[in-house]
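The letters A, B and C name the chains in turn, as written, and every chain counts its residues from 1.
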Amino acid sequence: MKKWGILFVALLMVTSVLAACGNDKSNTAGKKIIVGMSADFPPYEFHIKNEKGEDEVVGFDVEIAKEIAKDLNAEVEIKDMKFESLLNELESGRVDLVISGLSPKPERLKQIDMSKIYYKAEQSVVSRTADKDKYTTMESLEGLKIGVQKSSIQEDIAKEIPNAKLTSLSKISDIVLQLTSGRVDVAVLEGPVAESFVKQVDGITITDAKPANEDEGYVVGVKKGNKEMLDQVNTTLDRLIADGSIDKFVAEASALAEKK
Amino acid sequence: MELFTMFWEYRSYFLTGVQYTLILAAIGVLCGFVLGLIIALLRMSSWKIVRFFGHAWVEFLRGTPMLVQLLIIHYGFATVLGVSFSPIESGAITLTINSSAYLAEIFRAGIEGVDRGQGEAARSLGMSKGMTLRFIIIPQALKSVLPAIGNEFITIIKESSIVSMIGVTEIIFQSGVIVGITYDPMTPYLIAAIMYFILTFTLSRILGVFERKLKASDHR
Amino acid sequence: MITVKNLHKNFGPLHILKGIDLEIKKGEVVVVIGPSGSGKSTFLRCLNLLEQPTDGEIKFEGKSITDKRHNINNTREKMGMVFQQFNLFPHKTVMDNITMAPIRVKKLDKAKAEAIAVDLLRTVGLEDKRDAYPSQLSGGQKQRIAIARALAMEPHVMLFDEPTSALDPEMVGEVLDVMKKLAERGMTMVIVTHEMGFAREVGDRIIFMDQGIVMEQGTPQEVFNAPKHQRTQDFLSKVL
């Protein structure tokens, strides 16, 4: 008797797994574009619970992904993962594109191909509200404990600060926690992302210290050598820049991020 | 946000998380059980090479962090061997092989704990080595290690949280998503801790019932 | 039936059996006695290769069983062994204990095996215990079941390794009675024991072992009443 019970439970488990796996590989008859994002970056990509009560990843980069897919007559599937894994996933082919506030760092070109820049952003230095007046210039950040996101351009900026002690974490929310709990003195965050967090979390603010903007912006990551996809992406981006959609998307996404 | 309100509001997220956690833990233990038994038998083989493989398997998997094993299977295999698993597959594989190493040790202890005379009696009746293992030694060994296996299940439920690293939507990952939505860095993880506790506590009670039933059937 | 030539057994640096030469004929009841450490149990366990001889040859029914190419499982089917600690299978009923080997090894069908088992249980006087578990039995009952289990394979020779040494005194008798019955039916038996009364009564040949060799052997009359060697006399004076 006991043997049958165990067998039954085992079968139940196996079928549930297969069902779960089946759901992961959704059965759309049409083409699918899988886009990798690190969805902790409002208003570019972030999670919300939509009106249907379901989890959804939305944001500025999501809208761009949808447009690219539309031009390819395909559906979009968003895969949320850690920022530092994104490029590996592109290389292994588990995602087709990376649209995740990705800056065109020269070293990244070794691993992947990149589209043209679709949005220029500024970086910010965020501190606790009480310290706002202490950190007004980049020089004032010397020797501080600084929180940044792993493998990001902000990490590179912070590395340039003399004697800074870096804490590099995977999630933006973890970095903000480090700041509010006093474990770091400041955090270097991307512009709109910083604004979004500052509005939602008490006790932090954007300082006047401004990291020099060296013509950074965001690009779409494509698997190395996939020229066809690269050209297609650039075509879509040209269209969106030309007809002002980019700015529209930014505004809509920011509003959405604030709604919470 | 208050614990209960948050839990209720995002209960669908947590439910997904629990499902994935339980499924992965179950696969890890069940498949790990079978694999662990095989490895334990390999370690008893008369061929030196087979024994060595079994030893190496157990030593490596017990001696390295499961996180490293997970990353090797998910990323290492993909970049170096071109073998690309989905996050769930990588998670299931890692939990299985990791669990198999610990279970192999448990089985070995159980098998060695069976009285020598049992094997001698079986062999003196003309039963082969394989027959003796199958009908006399292993059944008795399994009975004695059942509690240890139950403990392994409980351990794996907690250890499965590691697969959140590669994007499997189990309890910890889902908690992280909720943190992103609510900007509350603490409460989702507190709820996660409570959920893990409920799972492990319930399981250990169930195991306790089974153990008592087993003892009763020992006709002492 | 069994021929032992120059049997040596080492356990690491310890030289336990130092050259045994012996013959056991069909139908003989051979009783091996001697002080502890003399190697009696080791000798017995070499006969069915539970211990691997370091040197020497053992022949069973004309075939050499110490030959590397020999399939020992087949031989063991024809040799039954009864242990000091009984070694019944605790997770099986008495019936299963007895029928397991006939079914699995000799491939008998269940009904036939059970019929043999019932018959044997009757012989040892325990037919009402067929569905009991070993833990529910007394020591004497366990040993009698162990004897039935060994007999179920219809062996040509039965080996007994101090079968009553672990029993309370009041149960020794019931086991010895079963062994007497077996001897009367003509079973070839090799028995290691301290039960001198039994040896005298039932044995055809007594073998006295000491320090790894056969010191003296003969009929019970010869060995017990007129031992030739000093060591034999010393030993007997202590135990009789």
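By our rule, contacts are C-beta pairs under 8 Å (C-beta built on N, C-alpha and C of every residue); 3 or more make two chains touch, one makes a residue touch a chain.
Note that the coordinates shown come from a computational prediction; the quantities given were computed from them, not determined experimentally.
Participant: Which chain would you call central, comparing Cα centres to the global Cα centre?
Facilitator: B
Participant: Name the chain whose C-alpha centroid is most distant from the C-alpha centroid of chain B.
Facilitator: C
Participant: As a test of whether you follow the contact definition, which chain pair has the most C-beta contact pairs?
Facilitator: That would be the chain pair A-B.
Participant: What is the distance in Å between the mean C-alpha positions of chain B and chain C?
Facilitator: So the centre of chain B lies 46 Å away from the centre of chain C.
Participant: Averaging over Cα atoms per chain, report the distance between chain A and chain B in Å.
Facilitator: It comes to 33 Å between the two C-alpha centres.
Participant: Can you compute the centre-to-centre distance for chain A and chain C, using the mean CA position of each chain? Integer Å is fine.
Facilitator: Each chain's C-alpha centroid was found; their separation is 78 Å.
Participant: Quick check on the complex: what are the chain C residues that touch chain B?
Facilitator: Interface residues on the chain C side: 48, 50, 73-74, 76-77, 79-81, 83, 85, 87-91, 100-101, 104-106, 133, 135-136, 146, 149-150, 153.
Participant: Give every residue of chain B touching chain A within the complex, in rising order.
Facilitator: By the definition above, chain B touches chain A via 9-10, 12-13, 19-20, 23, 26-27, 30, 75, 78-79, 84, 86, 88-89, 92, 165-167, 176-183, 185.
Participant: Quick one: in the complex, what on chain A touches chain B?
Facilitator: Those residues of chain A that touch chain B are 9-10, 13-14, 16-17, 20-21, 24-25, 39-40, 46-49, 53-55, 79-82, 85, 88, 91-94, 171, 173-174, 176-177, 197, 200-201, 260.
Participant: Going by the contact rule set out above, which residues of chain B touch chain C in the complex?
Facilitator: 115, 117-118, 120-128, 131, 135-136, 139-140, 143, 218-220
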